[in-house]
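Common to both upcoming complexes is subunit A, partnered first by subunit B, then by subunit C.
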Partner chain A sequence: MAVNRNFRTCPSTGLVYHEPAEKLIRWNAVAGVVSLLVGGVLALLVTLTRWPAVKLLPPDWFYLALTAHGLDMLVFWIIFFEIAVLYFAASTLLKCRLATPKVAWAAFWLMIVGAIMNNIAVFKGDSSVMFTSYVPMGAHPLFYLGLILFAVGALVAVFVFFGTLVVGKAEKTYNGSVPLVTFGAITAAIIATFTIAAGAIILIPTFLWSVGLVSHIDSLMYRTVWWGFGHSSQQINVAAHVSVWYAIAAIVFGAKPMSEKVSRTAFVLYILFLQLASAHHLLADPGLTSNWKIFNTSYAMYLAVLASMVHGLTVPGAIEVAQREKGFNKGFFEWLRKAPWGNPCFSGMFISLVGFGFLGGISGVMMGTEQLNLIIHNTIYVPGHFHATVVVGTTLAFMALTYFLIPTLFRRELMFPGMAKWQPYVYGLGMSAFSVFMMGAGTLGVPRRHWDMAFSGAAMPHEFPGTAYLMMGLMAVSGLAAIVGGAMYLAVTVGSVFLGKKIQTPGFAHVPVRKGMAPPPVWGPAAVAPSGGHGTIGLGGFVAPGTFVLAMVFLVSFILYYFVNWKYLSTVWPLS
Partner chain B sequence: MSQDPAQTGPAGNDGDDDVYDEPIPMMQSLIDNPFLLLFLGVAMPTVLYIVWGVMEIVGIPIAK
Partner chain C sequence: MTAIHSPTDRVWWKQPLDRVEGTWIVIAFVWCLVMFFMMPYWHIYGKQNLSNEAYRTTPEAYMAKTQAMVDKYTVRTVTEQNIPVVHPVPGSDVYLIARLWNFWPVLELEEGQTYRLHIMSTDWLHGFSLQPENINIQIHPGYEHIVTITPTREGTYSIICNEYCGINHHTMASKLYVVKPKKG
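This part shows the complex of A and B:
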């Protein structure tokens, strides 16, 4: 079999692209962005319906749009983009040919067919089961079949990623350990393997049940195994967007991780413990013991949370060190003030990091505590939490990476650079506010996935305080701002990729190499970053004092918020 | 699974030679082995989350 060993070296970044890999990265990224577009239109409809003053859609359409929004965003947008990131991390960063491009294309088309099939089932109107599709609610068989095909495609793509690692090792395209970003991608791929297997274990019987071949699926069994898939897939996102943070720190600042050992160990903690936190979705379920719940959420989850805090510290720490070495060494925060805030690649990444940590991280630990979970269970606090993690965290990080990929991968100039500059702020801050208001409304008890929070005409009416309506209104307004930010992203990316000015590549040459070897890539700015000890930078013996201050602010907020919630719990059922 | 030590990498491919004769630490050889990590990353949640959880559910007495 002929193996395509053609490589192209990007003249502006020095990255080496294997042609078949490059094409696959592009197509997977484009498929992701198309899903984001569909999911974004649905976000608008859902948001306008949950705005009590507007209530745009009738109930059946609301649940349909909510189902499709959850799936198109959380499953299709994120996973297509992640496959692109995996191929990039294996093939491009290891200067290695992609293993079996034909199989990778088969995986891609399986995913496309699966995604379309699932969307058809939802839009037909008889599968408004939300993306969790809890049995005994039943959807059309195509709904499950679509998800299964998509999952199989994604699993095959993950195997192509592992295969590429083997090829790189065998053909010696790199020395020693893989780069940290690739290591993060390995973490994501490992979590993906478990995730997809859990999905298959539960969705295949459910599909058989939907066509009448299986008579009964136990609902608790479904929920337990399903969350092995539903939650773990969020951990693929975490591993992937943390890798993207490291990559962007290296791309924009030439920053090197403060300690490779510490960062890699943190990824290993993810591999071992992150997926166990799936149990936090079952904290309110009877039938599972507290032993199981507490082992899987507390003991295991906190080790994974620790790992996230390590990443949340070492990424800004690395940036701080790189900036101080460039001379921005005054006081605590000159390095941050003088950061390239007008570069959407950086601002997006930084907002993603701060938002993920402060909003998503702190609320996640609160909700993952068995007792506190009761305060917010099934309230709109929950979507508040996960829009902070998967939207501000993952989606924004991927958006930031796109601004880097458009010139190097698609070889196009950014269209509307002014709009691109503002996009992370509009999207990131809009989404952060949206999450905070959702959490506020949720703390007051407003339910999630509910068409009518006023319960009009219900046998047992419930009056929410005026503040709850105010929160929902503010949530909707900030959601609209975020939707504008999302539209800006789509305008910039779709505009650049299809209509943007082609970047001429003077030095363009295929690199016909015997052993799949191509010249080593040099990250653009990394070449100018001075190396060596951090002798003279920092304050009072700390090389990264600003990051240390940020970490302390984080810890204090964390502790205060956590204990405020215990206090709040104590007032929920007055005992005296 | 045979470890291909980093030392055998092609010379001249940006290697720093001073580390060549030290043995690879245990943790590093774990971290450099994606398939061992894959095994651990799948086995841990399978046993502690799925198998343990499913055993508990199966053990719930059925109502008569």
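This part shows the complex of A and C:
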């Protein structure tokens, strides 16, 4: 079988694309953006229904739209885009041909078929079981089958990624260790492998149950195994978007990781401990012991939280060092003030970083604490938390990366550059406010996945305080702002990809694989830079003092918020 | 080199840490340990811990126990559906059924007294969300969960379902009355 060894070098970035890989990256990214479009329209309907003053949809349509919104966004948009990121991190960054492009296409079409099948099942109206599809509430068999096919496709794509790493090593397309971004992508792929395995372990029996071949699925067993898939898939996102942060720091600033050792160790901590976090979802469940809950939900003593706190420092720290070396070395924050705030690639990444840490990270650790979960479980605080992690964190990071990919990967100029400049602010800040107001409403007890907080038709309705209604109204208004931001993203990306001005490549030529091979290794000087090897930048022996100040602000907010919640817990009815 | 290139130093793992990273890792790790020990600490000194006591049972067996309590302690009925209000003796076992789409029966408890509250679903997953206290517990079918609970303030509270359970999920709400202990 002939192997396509055609490469092209991007004249503006110097990146080397393997043409079959390039096409796959494009198509996976496009499939992701289409899912985002569908999910975005559904987001509008859901938001307008949960706005108590509007209450747009009837309950059956609301639960249908909410189910489809969760799946299209959390599964299809994010995973299609992640596959694109994996291929990019392996093939493009290692200047390596993609292993088995035909298998990668089979994976892609399997994922497409699965996604469409699942959407059909939901839109038919008999599978409004939410993203989590907890048994004994049952969906149409196609609902589970679609998810299984999608997961198999994703797993095959992950193996193509691993195969590409092997090809790169064998054909010596790079020297020494893989780049840090590729290392992060490997982390994501390893997590994806056992995430998908957990998904298969629970969804296959559930599918058999839905067609009548299995008589009973225990609800606690389902929740325990399902979250091994449901939460772990969010950890793929964390590993992927942290890699994207590092990539954007490198692309925009030429920033070097402060220390390869620290950043890579932090990624390894993700592999070892993030998975335990799926137990967070079971803190309010009967039948599991406190010992089990404490060990697992602390990720074995918060070692994965530690990893995120490390990345939260080293990504902006690397940017700060790069900026200071360029001469922005005054005071604590000149490097940040002089950052390219008009470049959506940077502003999107930075808002993603700050929002993920301050809103998503702190709220996540807080509600993942065994006892504190009692005052949070299943309130709208929970979606408030994960819109900060998965939307402000992951989705915004991916959007920021798109602004880099459009010229280099799609070879088109960005359309509506003015709109692109504002998009991360409208989307990121709108979504951050949306999350904060959801958390506020959740603190007042408003349930998630609930059509009517006024309980119309109930024999004994509960009356929420006026503040809760105010929070829900503010949530909806901020949500609309975020939806406008999402529409801006879609206008820019779809416009650029289909109608943008083509970037001509002078002297375009196919490159034979021999030229795609790295030269024989030439190692740098054996002596490593001494401590503080960044020269004379920084303050008081700290190369990144501004970042350190920001990190301390984060820590103080974290500590205060954490103990405020313990204080609140101590006032509720004693339970034991 | 940057994060999108291979490291130039072959032995990159020997590069010493910058002071900013080392300091932050130590501070962050200490904070992680504090958070870890808060959970066991609260089990010993805190008053709000979710019970680990749960038994597997069947809807029929659970229904029978609940019915026996209702027969014994019903003091009145509420709403057009004549839902019984039970006022069990303090310290006793109190049963609550969650089902599509109501809680049964309505409970009346005494302030400052402790009860063994049994909660179970007889069909799908439901949520026990006590408002405005905002105590939230997952309810499973087939798992009888026993929570020792002490109402602290007199008043009318709501129990709402906060686990999505189908089209009438939003009507699944009930009351819990807390009254002053009877004299004598």
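Just so it is clear, the second predicted complex is superposed on the first by the 552 of 576 C-alpha atoms of A that agree within 3 Å, B and C clash if a C-alpha of one lies under 4 Å from a C-alpha of the other, contacts with A are read in each partner's own complex, and residues count from 1 in each chain.
Everything that follows uses one rule, which is that a contact is a pair of C-beta atoms (placed from the backbone, for glycine too) under 8 Å apart; a residue touches a chain by one contact, two chains touch by 3 or more.
Predicted, not measured: the structure shown is a model, and the values here were computed from it.
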item	value
Contacts of A:543 with subunit B and subunit C, given as first, second, both or neither	second
Partner chain in contact with A:177 - subunit B first, subunit C second, else both or neither	both
Partner, of subunit C and subunit B, that touches more residues belonging to subunit A	C
Touched partner set for A:186, first subunit B, second subunit C, both or neither	first
First (subunit B), second (subunit C), both or neither touched by A:455	second
Which of subunit B and subunit C A:296 touches, first, second, both or neither	first
Contacts of A:105 with subunit B and subunit C, given as first, second, both or neither	neither
Touched partner set for A:374, first subunit B, second subunit C, both or neither	second
Which superposed partner A:271 touches (first subunit B, second subunit C, both, neither)	first
Touched partner set for A:287, first subunit B, second subunit C, both or neither	both
Residues of subunit A at both interfaces, subunit B in one complex, subunit C in the other	174-178, 218, 220, 282, 287-289
Residues of subunit C that touch subunit A when the two form their complex	1-21, 23-25, 27-29, 31-33, 35-36, 38-40, 42-43, 46-52, 54, 78-81, 83, 102, 106, 123-125, 127, 129-138, 140-145, 147-152, 158, 160-175
Residue ranges of subunit A touching subunit C (in the complex, touch as defined)	59-60, 63, 93, 130, 134, 136-137, 174-181, 218-220, 246-247, 249-251, 254-263, 282-290, 294, 298, 301-303, 305-306, 309-310, 313-314, 317-318, 365, 369-371, 373-379, 443-445, 447-453, 455-462, 464-465, 521, 523-524, 526, 528-534, 538, 541-545, 547-548, 551, 555, 558-559, 562, 566, 569-570, 572-576
Of all residues in subunit A, those that touch subunit B in their complex	162, 165, 169, 172, 174-178, 183, 186-187, 189-191, 193-194, 197-198, 201, 218, 220-221, 224-225, 228, 232, 264-265, 268, 271-273, 275-276, 278-279, 282, 287-289, 292, 295-296, 300, 520
Residue ranges of subunit B touching subunit A (in the complex, touch as defined)	4, 6, 8-10, 13-15, 27-28, 30-32, 34-35, 37-38, 40-42, 44-46, 48-50, 52-54, 56-57, 60
